[in-house]
Every structure is written in structure tokens, then in C-alpha cells.
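Note that subunit A is present in both complexes that follow, paired respectively with subunit B and with subunit C.
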Partner chain A sequence: MNITEYTDRDVAVMSISGRIDGTTSAEAETAILARIPSVPALVLDLQHVDYVSSAGLRVVLKGAKSARSSGARLVLAGLTPQVREVFDISGFSSVLEIHGSTPEAIAAILKTGGS
Partner chain B sequence: MTQDRNHDAPRRFDLTLPAQADLLPRVNAWLEETGLPEEAPQAIVTRIELAVEELFLNLAHHAYAGAEGEARLALLESPDALTLIIEDDGDPFNPLDAGPEPDLDMEVEDRAIGGLGLHMVRRLSDRQDYERDGGTNRLTLVFRTVEQPEGAEDAAPQATQQPVPTPKRRPSGGLHAPTARERKGVFFSFFLRILLPVALIMTASLILAAGLNVLRLERAFQDAAEIRYDSVARELSDTIESSFGAGLSLESNLAVQVAIDRSAQLYDGAIRFFVTDPEGTVIHASQGAGDPPAALTAPEGGSGLWHALAPDDVMTGQPLIVQGRRIGTLVLVFPSQRLFEVTAQLRRDIASAAPLVALISLPIIALIALLVMIPFDRRFQHMADVMHDLADGIDRPVPQSEGPLLRAAASISARLRGTEQKS
Partner chain C sequence: MRRAVDWLTSVPISAPKARPDDVLYGTEDRPPAGVTMIAVVQQAMLMLMLLVYAVITGERMGLDPAGVVRFTSTCIFGFGLSTLLQGLRSRLTPGMLMVAIPSPVAFGTYIGIISAWGPSAAVGAVISANVIILLITPQLPRLRGYFPPEVAGVAVFMIGVMIIPEGIQRSLSPDAAGIISAPSMIASVVTLAAIVLCSIWGGVRLRVMSLIVGCGIGTVIALLLGAFDFSSLDNIPELGFFATPLPSPAAAWPTFVPAAILAYTVIELVHLMDQVASALTMDKLSDKNWVRADMSITARSSMANAIGNVVCGALGTLTGATSTANIGLAHASGVMSRFVGIGTGLLMMLLSFVPVVALVIVLTPGPVVGGVLIYTAAFMIIAGMELVLSRMMNSKRSFTVGFSIVIGFTVVTLPALVQNLPEWSRTIAASGLTVAVLTAIVLNALFRIGTSRTVTLQFEEGTPRAVQAAEHLEHWGAEWGARREVVMRGGMAVGEALELLNDGGFIKGAVALTTRFDEINLRCTITYEGEKPRLEQTAAPDLEALLNAEDDAALDAGLSEMSTNLIRRLADRVSVSSKGGKASLLLEFNH
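== the complex of A and B ==
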């Protein structure tokens, strides 16, 4: 698993590639929880993630809770079909903000205000 | 780990390792080594990966309550499914009914972290079986790799230690609306088995009846001819007997000649007559009589007048008795060609008309039967469709105009609907 962070039009993007499973979830969790308190919004770019287990879902859930408590916004983008299926059957799709691609997610954040 | 690369037999891959969460990479490596990730559809592979991880970690965390133990994984490949079997020797634990389904509609903050993995396992596999076998928990998950028609649930391969690929069941017949082909089949088998034989029998009866009437007519003609010729035979035999009694020769008897001349005018032609001795030998024949048309013997036991039919003639026989002694037989041969020509012609007519009658009456009878049958067929078909649709759970309106019963049912249901809307 690799994590790349960058900013596009003042919106923070965290691009993850590889697998978010029981082995790598701790690393992802540390990165996400470290980033959220310092930004008004964070886009999690998952287009290069081909596998998410319940451990990965827990990371996203913790990130969403953390964002809620700090008044930030966590947005997911670019889910592959098999990852989308995991989000769907766990019910996460209905409680998280998910966009088709990173540019779409950034556009949505810019349109409605970052905070 | 064993590998069997024979593609015809079901393949099986095994992994046994200590139940420790930090060995997850080894489990993932094993899964990759099976080679299935490259062969099976991506979505299925992801689901299996997920199930392996969730179950292995769950087992590592909970099965042995902190003590050391073993986890055994097996992946079986059959033609239409991949089967995952996970075993441990820990406390009895059925992951399939572990706790309630997590409430998926809760807000983010309220969501409990945990319980998710097993929920996903239950949702991602097509079939799940748990069994406690001695001291072993065994969970079997089946992932179909081939789309199966709905309702073919049982066709999923039975996950056993030595799985045998189950032959694919063809889609079950069950209740279904008959296809157009089946309808035609029923219709034509009815046509062939019932309508056609009936038409054939009716046509044959027509022709037979005509033939029978001709036979009767012929018989009637014959009776008429016999009655007609009897008097002539008696008159002639009397004359002949008296001339014999007087010792005269037949040729010199004028009365005989007169009778023959008269018959030529009365009947179709001149009567020919033969006189035979008691043994049946001709001792006298009328002029130009030629050969007798048939044997001139009386039917057995005949002591009086007798009649016989030759192809073109009617023969009437009369015993000649002089002074109480039978001296011979008088046989009169009446040309009856014209009389029997009529019935012969009728017979020929019937024979030649029979094919034509069959040709015309067969299709007509069949057509009439078909015309009678089609409306019945339609109504039965419609009712059958309705019943089949009911069985399939489809609502099809029953035609409301057909019959008083259906009309009554329709009006009742309409009234019920009306009261429902009001209340």
C-alpha cells in the first residue's frame, strides 16, 4: 500500500494505492487521522485501491468520525467496482459522501464550501 | 500445500498455519499461489480474499482465547464454483449466527466498529454452512463462478472434504405457461388422434351405406324378376308335361313356341329353355339356345320352383312331372342384362365416386370439427394461461365478458374495490 498526499485548488487529497486490509490498515489509519484535524476537507482518492477489507472499512469509519468531531468533511472518490461492492454491502455507501472521481469530489467541495 | 494441476478433476489447495493475526500476509500469499486470482472473475476473487481475511483474523483473535492453535484453510475448485473451507479447533463458534446483523442505517457516529467482517462474509458468499465436528469448527462458503438461473439453489456444489463436481441441472420444468410449440403439439395430436379417425370413419360409412343400398336394390330387382318369371315357368312346364303325356315331340308343340314368341316381346329378349333328364343332362334345347349359362341342376332339396343367378341371366327351374313321375327339369333362362345393368352401373358409380367422396368429405368433416374446436381451445388456453400466471405470481385479468359466472365474479370484485376505496 502507498499513500500520496497533495493539494488541488486548496483541497487536500490523499491518494491511496494497493490494498487496505488487516495488514496495512494501521498505516492508513495513522495517515488519515493525522491529516483530518488540519484541513477543512479531505478527499480520499481510492481509484488505485483494488481491495478493502473490514479493517479498511474501519479506517474509513474512524476517519469519518474524526472529521465529524473536528467539523471537517471526508469525501471518497474513484471507487473501483469491487471496492464499491464492499462499501455497498456494509451500508457505508449510504452514510459517506462518495464521488465518481477526484475532480468531481473537488468540484463538489468547492461548490458547497470546504467547511 | 498440495497442488493438482489436472484441470479435469476438481482442484484442492490446503493451508495449515498457526492462528495468529500477523500471519495474514502468509494467507494472502497462499491464496495468490493457488493461481485462482488469475483465472476466476475479479469480483469473485475479491470476495474470497475478503472472506479469507475476515475469517482468518476473526479466528486468530477469538478462537483460542489467547492460547495457541491451528487454522486450516482449503480452497476447492469445481466447474461452477469455488468453495472455501475454514477449520479451527477452538471453542464452538458459528459465525453465521454470531450476533444480530449490524444496523447499517445508523449515523456514522453511532456505528459500532466490529461485527462488520462476519456480516460481509455472510453477504458476499452464495452459500454458507457451519458444522461442529468433534472439537472442530468448520465453516464452508461457496462462491459461484458461473451465473446460475434463479431457483437452482440446490445445484451449488456440496462442499465436502472430497467434492464431486455436481452435473449442472437443467432449468427445472415445474409450472410454466405452455409455449406456442407445446400448444400446437397438443392441438395437432388431438387432430391426429381424434378428428382424423372420426372423419375417416364417417367417410367410410358414407361409402359403405351407398354400396349397401345398391345391394338391396339388386336384391329387390331379383325378387321382382323371380315373381315375374314364375308364371311363365309354370305355364311352360304345364304345356311341356301335357305334350309329353300325349307322346308329342316338343318341337311340334305350338303352345311352347307361342310362349317363347310372347316372351320376346314381354321381356328383354327371347326366353331360352332347356329340358334335362333327372341326371341333369340336356335332352332338349330351344332354337338358338346355345349353351346353358350355368349348371342346370336344382339346388339341393329343391322340389318345386327354383331360381339361380347367372352373370347376365336369371334362371328359373321347374321339375317336369308326368303321371306322378319326375321325368326331368325345365330350366328357363331369362335374359336380364338390362335389369341388372342398372345396379351394375350403380355399383360402378359408387366405386368410382368413392375417392371423390373421400376427398371432399374428409376435409369438410375435419374443417367442421376444427371450427368447433378452435373457440374451445382458445378458452381453455386462456384459463390455462391464467392458472400458470397465478402460479408464477403474475396477475392477468380474467376476461369479464365470458359467461354469467365470470361476469358475476367481476361485478363482485368491482363492488369490493369500491367499498375498499371508500373506507
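== the complex of A and C ==
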């Protein structure tokens, strides 16, 4: 798993590639939880993630919980069909903000504000 | 008798169908009378326009104008009956809107047999070939591996390609010097543009009427610009209003010539592939939840076509198969009800008693028919590509599809290559469609040799097991030509199961993954030394409450059963067992 961070039009983006499972979830959790308190919004770009296990789902939910408690906004973008299916059948799609692509997610944040 | 009727009408259960969002009336829906009438007239009109091959056959058989009209009327009756059979639901018929037309594949061979052995040999060949097809079709479900979507896709793609020259020729009407006719081109482009505009931007009513609107506007333009052969009106024979569509007297009694039967059987095998592809396309277009070929429906559609063709043979006409243009029309108009098929069949049978209808076919402006054929060609080529790409590709499957199309195009673009072959085989080898389909069937069968349907992965140290399992499934999924989404779902579920077994401490020794694929199911079995887990479905956690929980411990507790729930929802069936210190976890996925 690789994690790349950058800013696009003042919006923080964290791009993850590879698999988010039991062996990589701790690294992803550390990175996400470290970034959220310092930004009004964070886009998690998952277009290069081909597998998310229940351990990965837990990390994402923990990130969303942290964002909610700190008044920030966690937005997911670019889910592949198989990853989207996992989010759908687990019910996560109904409680998380998900956009088709990172540009769409950034546009949504810029339009409605950081939190 | 009653038993026979009960047997015939008790239809085997197929998978339940769901109407796609872009379809207004699905296979089993009964549209309102007005919509049904419009759809029936439109389907029948298109069918009549595509009877041009019957007209060409009649003319090349040397029939006089009255004979051509009678031959065409008899064709209308025979194909009306075939269409009716396709619309009825029984053990021998599918219950789908599939309109039959004379085949562009068959007419060359049919005329060749008449030239070589006379009309009665053609009757014998048609009947014998279709009886052979009738004997083959009940075995189709068992033969699914030999007729996978990519082979059917090659057939659909090549049918689209084969229509192009006829469509372009009629659209441009070039003279002997090769100079195209501007009025013809304009009439054809207007026809095509009107159909496309109505199909894409028209409302529901215009969409249903797209073909009639296109043909109507195109005909007016053709007449205004003079893109119409007025000399054809000079040859109108004296016709009564009503006449029984009788078979040709010369063809009434069949004779059986082995070489003729062999040549026509090959043609009917291509028809069988064509019919399977058409039934598959229709089934796919009319079912939102389509996942795989419903071989029961495709077999019954092929049987109905063969029965109709036996009748056509006895009536002294050439045979046909489902019109792909009519499938395109059904999809574009959103009316795919089988009751429209029944109505179309009955209307065609009635119209066969009115000779002037057959006559009008000859008078339809060529550029208008050309525009319709180009529209159909575009639709079929894309439908063929979609069928090919509905399965995971690997080098064998890529080669099967690519090489078949190359061979087919070679025959189309270099027809001189087959000129020195024996006459009987030339009728087969000269068709790009026939050659491409036969090549695809043979290559697919060849590449199946030596491909194991059950494989076992012994996990190695160093790489996470879930990663090894995903790579293993992806590799073999491509080898087997499995659907990508099923393989990806399998990889997700197996990865999750391996993580659960590992994190839960169930695994005490060596682990293996055995995968089996049989076109209907993908079965993944994880076997290991250790204990079996309890995989009971539990209620989904309240995620909103977990997001608002005070501490992370509540979140962890709430998600503790997430792994089990994911496995149960990703797989269609899950079972666990253990014996003698060894346990196994079976995950099954519908394919």
C-alpha cells in the first residue's frame, strides 16, 4: 500500500493505492487520523485501491468518526466497482460522503464548505 | 392428447427476469392496445423491408414477376409462422419477441443448390438440415462451454460487418463507373438521421415510432429527389387482391442429395449460432439482472427457428433466422413484449394472402433500406463487442476472437482466394461470417483442451495469503473466461475469509485454496489444519450510532461481526465443515 498526500485548490487529498486489509490497515489508520485534525476537509482518493477488507472499513469509519468529532469533513472518491460493492453491502455508503472522482469531491467541498 | 398438451405447455423454469430501466415493456408485459398495435406494425414493416433477400432469391431462381411475388408472399407466411412460434412459450418455443427474416447467409447457398441439383434438392436439403439442427438443440445447455459469449460475439460482430456493403451499396447507389448518386446518399442520410434523432432525443412516442418515422421521411426525400427506380413499376404483374401463398410447383416434392444436405447443414449451423446469439442478445437486453446465457431459452429459440425452417423448406422457400434489425428496433423503441411478437407473426401470416404487400417490398426505395441497414450494422457491431468483452480475456480468448475476425475479413476483402475451391464448398468458404464463426468454434474447442476446471493453490510464506488468493483467482478466472465481477467478488470474499481465519486463530497449520469453475458456479474452498469458525449472519451494526459513540471501543465492538457479514453477503452460499483436525470453508458464487 502507498499513501500520497497533496493539496488541490486548498483542499487536502490523501491518495491511497493497493490493498487496505489486516496487514496495511494500521499504517492507513495512522496517516488518516494524523491528517484530519489539521484540515477542514480531507478527500480520500481510493481510485487505485483494489481491495478493502473489514479491517479497512474499520479504518475509514474511524476516520469519519474523528472528522465528525473535530468538525472536519471526510469525503471518499473514485471507488472501483468491487470496492464500492463492499461499501454498499456493508452499509457504509449510506453514512459516508462518496463521490465518483477526486475532482468531483473537491468541487463539492469548494461549493458547500469544509465542514 | 391432453397429456401431450400439458407437457408442451409446462415450460421449464428459467431465472426470473427484471425489466431494465430503459425498457418500457419487458418480455412478459402486456402493453396497452395502442402501443401493441404501433409496435406490431413497426416490427412487421421492418420485417417486410428486410425481405429483400427473398426477392433477390426469387429473381435468381428465374421466376417471372408473378412468381417472384408469389415466392415472396410464401416467405412472408413461413417467417410469420416462425415469428409466431418465437412469441409462444412452450417446451419447444421461447416466448420472446424474435422476428424471422430470410437469411443473407442462406440465399447464396440456396440458389447454388438449385443451380446444381434443382429446386426439389433445395427442399430436401432445407428439411434435412433443420431436422439435424432440431436433434442438436436439446443438447445446447450441455454445450455451453463450446458456445461461450465471445464466440457468439464474433457471430454478432460479423453479421454487423456483413450488412455494411449491402447498406452502403443501397445508400450510395453507385453507377457502373462507381460514381455515387447524391440524391440516394441524401435520402439514406436523412433516413438514418431521423431514426437516430428519434431514438436518442425523441420522447417515448417518437422512440417507439423511430423506424417508421425514419423510413417515412426517407421515402418522401427519395421520391422528391428522384432517388427511386420508377422503371420497376413497369414490371408490376396483374395481381388480385387476395391469393393463397402456395409453394412453387417445381419444389413441391423433396429429393435428398447428400452434398446439398451437407452444404446446407453448415449454413444451418451458422444459423444456429446466429439464433443463439440473437436469443442471448434479446435475453440480455430485456433482463436487468442478466448474468449468463439462459441456455434453456436459447435452445427453445433455436428449436422454434428450426421448426419454422422445416415448414419454410416444405413450402419451397429459403430459410432464415431472427432479424437482428428487429431486435435493435425492439430495444430502441423499448417495447420487448413477446405479445408483440405473437401479433407480428399473425399479422405477417395474414399479409401473405395479400400479394400487393409483397409487391410493395420491391418498390421500397433502395436508399431508405440502405439507411436502415447501416443503423442495424452499427448496432450489431457494438452488441458483438459487448458480448466478447463480457468475460475476462486472456491470450487464448483474445487470439480466438482476433484470429476469427481476421479470417472472416480475409474472405470478405479477398474473395478471389476461394474461387478455386470445389463448388459445393465455395458456398461455405465464401462467407466471411461462416468462416469466422467456424474458426471461433474450432479455436475455442482447441483451447479448452488441457485447461483444468479444478485448481489448487498451496499458499507460500512471504506474501500475504489474501494477495496470493486474489492473483490466483484473477489468473484462473481469465483462463476460464469467467465474468470479471464474479472473480473480483470471489477474491474479496476469500481474502476476507483468510483474514478472519488468521486473526481468529483458527489456522494451526498448512492452508490451501481449491477453486472449481463450471460456467454455472465458481466454488472456492479453503482447507486448513485447525478448527472451523462459526459464520452466523448477525444484524448489521447501527453505523450512525457508532459514528457518534464516545470512544473507539464501542466502534470496535460494533464492527466485530463485520467480517462474517461481509463474507456472507459477498458469497451466494457459505458452508463450513471439519473432520479429523482439518477444517474447510466453502464459498460459492453464482456465475
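In the analysis below, the second predicted complex is superposed on the first by the 115 of 115 C-alpha atoms of A that agree within 3 Å, B and C clash if a C-alpha of one lies under 4 Å from a C-alpha of the other, contacts with A are read in each partner's own complex, and residues count from 1 in each chain.
Here is the rule we use: a residue touches a chain if its C-beta (ideal position, glycine included) is under 8 Å from a C-beta of that chain, and two chains touch if they have at least 3 such contacts.
A quick note: this is a predicted structure, and the numbers were derived from the prediction, not measured.
Overlaying the two complexes via subunit A brings subunit B and subunit C into a clash.
In the superposed model, A:V95 makes contact with both subunit B and subunit C. Of the two partner chains placed by the overlay, subunit B and subunit C both lie in contact with A:A55.
Touch criterion met: A:G22 reaches subunit B and subunit C at once. By the touch criterion defined above, A:Q82 lies against subunit B and subunit C together after alignment on the C-alpha atoms of chain A.
By the touch criterion defined above, A:K65 reaches both subunit B and subunit C. Shared interface residues of subunit A, touching subunit B in one complex and subunit C in the other, are 21-23, 51, 53-55, 57-58, 61-62, 64-65, 68, 81-82, 85-86, 89-91, 94-95. If you check the complex, the residues on subunit A that touch subunit B are 21-23, 50-51, 53-55, 57-58, 61-62, 64-65, 68, 81-82, 85-86, 89-91, 94-96.
Contact residues of subunit A toward subunit C in the complex are 19, 21-23, 51, 53-55, 57-58, 61-62, 64-65, 68, 81-82, 85-86, 89-92, 94-95.
Interface of subunit B with subunit A (complex): residues 21, 24-25, 28, 42-43, 46-47, 49-50, 53-54, 57, 102, 104-109, 111, 113-114, 116-117, 119-120, 123-124. Of all the residues in subunit C, the ones that touch subunit A in their complex are 464, 466-467, 470, 485, 488-489, 491-492, 495-496, 499-500, 502-503, 540-541, 543-544, 546-549, 552, 555-556, 559, 562-563, 565-566, 569-570.
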